[in-house]
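Chain nomenclature is as follows: A, B, C and D, assigned in order of appearance, with residue numbering initiated at 1 for each chain independently.
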Amino acid sequence: TARESQQTTSSGGPAASAAQQQSAGPGCARSRTGYPQVELEGATVGFSQSEKETNPFRTAETQSIRDEAAKHKVNLLVTNAQSDLNKQISDIKSLLDRGAKLLIVAPLNSDGLQPAFDAAKAKQVPVVTIDRKVTSQPCTDYLTFIGSDFVEQGKRAAQQMIKATGGTGKVAILLGASGNNVTVDRTKGFKDGIAGTPGLTVVAEQTGEFDRSKGQAVMEQLIQSNPDITAVYAENDEMGVGAVTALKAAGKQPGKDVKVVSIDGTRTAVQLIADGGYTAVVESNPRFGPLAFDTLEKFGKGEEIPQNIVISDDEYDTTNAQQKLNNAY
Amino acid sequence: MTLPATKTDTKTATRTAARTRWLQDNGVYVAVVALLLFNAVFTSNFLTLGNFRTQLVQAAPVLIVALGMALVIGTEGVDLSVGAVMALAAAIIPLYLGAGPLLAILMALVAGLTAGAFNGFLVAKVGIQPIVATLALLVGGRGLALVIADGQLVQLHDPAFLALGTDDLLGLPISVLIAALLAIAIAGLTNRTTFGRQLVAIGDNRKAATLAGLPVNRVLVGVYTLCGVLAAISGVLATSRLGASDPADMGLLMELSAITAVVVGGTPLTGGKVRVLGTVFGVILMQLVRATLIKHNLPDSIAQMIQAAIIVAAVYVARERR
Amino acid sequence: MPTETSAGPVIEVAGVTKTFAGVRALDDVDFALKRGEIHALVGENGAGKSTLIKVLTGIHTPDGGRVTRNGQISTIYQEVNLVPLMSVAANLFLGREPRTRFGLIDRTRRDADAAELLRGYGITADVTSPLGTLAVGEQQMVALARAVEADADVVIMDEPTSSLEPREVETLLEVVRKLHQEGITIIYVSHRMDELYRICDTVTVLRDGRNVHSGPLEELPRIELVSLMLGRSVGEIEKHGTTAFGEDHHADTRPVLEARGLTSTPRINGVDVSIRPGEVVGLAGLLGSGRTETAKAIIGALPLDHGTVFVAGKPVPRNVKAATRAGISMLAEDRKTEGIIPNLSVRENIVLAALPRLSRFGVISRSKQDRIVDTFVKRLRIKVSSPEQKVAELSGGNQQKVLLARWLCTEPRILLLDEPTRGIDVGAKAEVQALIDELAREGLAVLLISSELDELLDGADRLVVLRDGEVAGELEGAQLTREHVLKAIAAEVMDDAASHQNRHQNSHQNSR
Amino acid sequence: MITQAAAVRTKVLQRQGAAVALVLVVAVSWLVFPRFGSLDNLRDLALQGSFLAVIALGMTFVIITGGIDLSVGSLYALGGVLAAWGSQYGFLVALALPLLVCGAIGLVNGLLIARTNMAPFIVTLASLLFARGLLLAITDEGATTYQIAPDSAFVELGRGTVFGFGYPIFIAAVLCVLGGLVLNRTTFGQNVFATGGAEQSAILLGVPVAKTKIRVYTVSGTLAGLAGALTAAYLQSGVTVIGVGTELDAIAVVVIGGTLLTGGMGTVVGTVIGVGLIKVIQNVINQIGTLDSNYQSVVSGVFLLVVVVLQRTLRR
């Protein structure tokens, strides 16, 4: 059939190993929290996913947690908050209620999960947050954060952009959803990244809401009013792919006339690079399973856990897209 | 208690009345012209063929949905499920695309028809309020689409199917042509056919229409079914344009865009009246507003507030006077 | 509001003009209401009576002229204007509910007061049930009670008796007299001459939005009043009688309509009606006796527990569409909610039910439509500025004619008329009655429901009398007299109609 | 009399269709899911329900007048942001600011609807957009999330408990009781019913229809703002991503509770029951645990349908 299977086969790409960095501040050991020791094998672990698994990132993320849980023979409980913050709080409370002794949380938002963390604290359950950093206190409210540095991602996208354009050009930014701190960080990182390159100017920044068709529609408008756009920075792959469709329809050659750089590392975008119709993708690594369970295991053993564990993000560009294609999710 | 003598000149009064009435009927056209003029002057590269083409292509799917919505609103109903139906159509396309685009499109339309008929059944036969009846499908329909698609976006490669969204016919993009033809067909349907007049009568006074022996249930089921099919057509076209089946985002909030366009076009939500040309211009107006805001690179916050103001202004002008 | 005790008029209107979208409803009208009088306001349909009232009460602002009010006005509007979903008691006291010590509405007291009050008007319905469950006539009485209890100086009644039964009319007239004795001033709009001459002191005649006569009613002979209203000479009018019905009809074939055992508890119970082609059968009964329900059951608009309707011997499925196809048409009692499609034009309202016949493959033929509409506008003398005028803009009587036209153009075999002359002026009424006659002569089977006894006696060939949703008797030929009918209706002779107490007991018995 | 008893029984069923459904669902959940009945779970259920209940209370008034208020979701989010921002100036500002601003937007809704004869659906749809835009504007396009000091009195409003039941539960309960009294036992309440039952008649009966509508939308806006403020206090921050689609939840809840969307009829009790039903079902879906997230919305849709059809069938 014409249906292209997008099933991610396994979560364990090579990028799953972490380049751990310990940031400022003391680490967190179990002794400091006074939490009881929990033997990982056979334990009940709760995972609260924030959004529906309809985008490749979430699919890969949940799958990674599930795979790793199976490896450690833990009893995994999974909930999905369906983008509803109040539901995520309820979800986490219900996970605790259902006997979860360890928690992995993919927060929907940086703020607002305090009541859930308080509930976990009351039951002395350590919480590992992944992919999005929350504003609560590490070690007291939650154990540690494992994830990418979104600002850094934006900076790396900027570097790719400077490299591809040679430092001159007019850039359109396709922003993520308004009010979302991923959007905020990726915008900040990118702008900081090109700050030292006066040849690159941002001529438009409009939200495509992380959505492919919105990205396409916005790009269609921008290419009409600013026909001299030479580069597009999309804050996720979906919008970037949408922009490619719009550029092609306007008679431009994406990747050549107009450079396209985005963040995520989905199969579709990386394939486009390999095919020569896309410039670069900065990966946002969704494979948190191994790191998350490792961390929980270490914590159980009483080892010191750093406040932030940064997962290593790969990069795809025209030089490596073909051979790294299988790493894309 | 005495009211002072107000011997107004009735002639001027009549003339003012006539002028407000004219504006009330034609406000949306005036607004479109005004916005075009504004852009011609203040927006760079606006007066190009390519730009108009873009606007039309983007407006076409909304228009197709809005046409169905206008009919439903004419019966004093509303269909909140159109976006979900678009998602269903999108989810179904890749399942059958292997057997040829025609079958795939047909199956998508069948899904729209089924969904619409189901809505119609709930509204007409079970007697549930349209908002609630279609809300159920709004909530569940997209979920169903995601279940069908296994929650995945699927890239499409069938060239014949993709041509629907990218190619021209008679110098016009195919989707625009289809939208135009559908608009003409719906205009004929409302004004020239028994079905159309019965629809409006039902919207105006359902009890009286029932007692007049009109086939109320049949018309209602027909209207919702038509709306479902139109939403599915729109879903098919949008999918082909996107080059991917994306049930998670396809048609998101389309119900609100369509309702806004219909109402801004002068069709009252109280039923009993359908303005097809007004709906076409309502869609164009909202499209132009969005385009203008993007082209002037306004931040999302300002853009949303301006859209709100324009909706209120347009509906204010077109409102029925007491 | 303080009432000035000056001897001047309570309400005075000078040079008032009111125009609606091209229609001049009121044209330089002068009008004065003297304290304590009962002032009749008469005129043809669309003469501007309701509009004048709405100007007096401040609902409409006049385009020009002066309105002076020296008192509190309370109005019963032409169409029942209450809230159907709210309870009877809530409607009655809306805006002046009795309070508890804490300032909250005292529902117990409100309901008790309402029941007590309505008993005085012969209504024993449950005051906590939604108003909409009452028959139209009963609702009208509630509206009356509400208006009267409002402690007003002026009570305006726009056709209050048009949906009332003779006994209720008596109650109402008695209320009017009582108010009069209490010094309250009354404006009384009605198309029924008898009532006017029984109670009114003064009369104002409107014609085409102009005041053509104001003066004492007594001095004005009936025939002259009618001539003023119609703008025709006395001689022309003298030719007509009280009703315009002709001779009995020849109806000797088998019934075209047979309804057997119509039952829909608790409203109707085993009603049988049959009508032969060319026959006019009247349905008589008190308010709430189930006449409207019977008609609705026949047309299939009422869910039935039992009973079948046969047309020409064949059973008809129980829905309006099938009944219409079988040739049954019904002119509904409540034209506002069950009749007109307000925002459609007169033309579209007329052709509505006949659309399938006027179209081909679902596409409507405009020329056929225009021809039919033209015919009926002329034949029924519907007063419109153009067939494209919105039907909501017509006066009540003209709306009624539009609805009649709607049914006539479906060329029905059986016509159910529920209060067909309600709210219609004398001229139009005669026309409608003559029309019914003519239709029957052409072979139509007619079921006539009317609260006016004369209309039933003169118009019907046979009367079916309903009581509490059951057939209480059938009257034919020589039995068609006032006495017989009243006896059948109320199961006793109504010589003591004046006594409240009695009537209360009667209706109590009746309802059980 | 048998028929009368039966009639009374049907009447009770008609009125309490949602209540019957709620009792059934709760009973089944209790038996099937051992943790459903745990005190912790019930506390969380009540707390989650209380925010929605406050919004739905305003919506009940609006819908009884025959209107609809689509702006409450945005106002809910806006209220939270304003409260969080205001909390730096103390408890009073944190509480008053969202009430005032959201109330003012509700007032504008009411004025536009009552004075210009524009459809409530479209007016409030516009203010849905407007309030979102305003929210983005004051948060620097969503970049800033205002935090509330964890030890402030305002946080206590959202996080404090009595016997483990959060303050918002009691606030919502008091408001609902008050709302019920206002609706049934005051002139304003009667005017609300009259306005929705037959607007034209209500005008002729001397009901201040325009004023009633203006008040109702103001109340709805204010309550949405209050719900936002309470949520902010509970979350300790003015989260910008909440409230999307909350208006539909509120409408669904009110309708499930038996309030007629055409206006003229409805109860606060019904609305509270509707909130209970929706939250219990959500909770049960969570208890099942293994349900694929895509099926969750299918289940919600089907459930909504079942309740509404059930209710409709009972009413016949």
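The definition used in the following text is that a residue touches a chain if its C-beta (ideal position, glycine included) is under 8 Å from a C-beta of that chain, and two chains touch if they have at least 3 such contacts.
Since the structure is predicted, the reported quantities are computational estimates derived from the model, not experimental observations.
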item: Longest centre-to-centre distance from chain A, chain (CA-based); value: C
item: Maximum inter-chain contact count - chain pair; value: B-D
item: Chain centre separation in whole Å, for chain D relative to chain C (CA means); value: 44
item: Inter-chain centre distance, chain A versus chain D - centres from mean C-alpha coordinates, in Å; value: 34
item: Centroid distance [mean C-alpha coordinates] between chain C and chain A, Å; value: 73
item: Chain B-chain D separation of Cα centroids, rounded to whole Å; value: 29
item: Shared interface positions of chain C, touching two or more other chains; value: none
item: Per-residue overlap in chain B, given as positions that touch at least 2 other chains; value: 146, 151, 300-301
item: Per-residue overlap in chain D, given as positions that touch at least 2 other chains; value: 135-136, 141, 260, 293-294, 296-297
item: Those chain pairs that satisfy the touch definition; value: A-B, A-D, B-C, B-D, C-D
item: Residues of chain D defined as touching chain A within the complex; value: 35, 38, 40-41, 44, 48, 51, 135-136, 139, 141-143, 145, 147, 150, 159, 231, 234-242, 244, 282-283, 286-287, 289, 293-294, 296-297
item: Complex contacts: residues of chain C adjacent to chain D; value: 59, 75, 77, 80-86, 90, 94-95, 97, 103-105, 107, 146, 265
item: Interface residues, chain B side, partner chain C - complex; value: 1-8, 10, 13-14, 17, 192-195, 197-198, 200-201, 204-205, 207-215, 272-273
item: Residues on chain D engaged by chain B in the complex (per definition of touch); value: 68, 112, 116-119, 121-123, 125-130, 132-137, 141, 248, 251-252, 255, 260-262, 292-302, 304-305, 308-309, 312-313
item: Complex contacts: residues of chain A adjacent to chain B; value: 1-4, 6-7, 52-56, 59, 175, 178, 203-207, 211-214, 216-218, 220-222, 224-227, 238, 241-242, 245, 249-250, 268
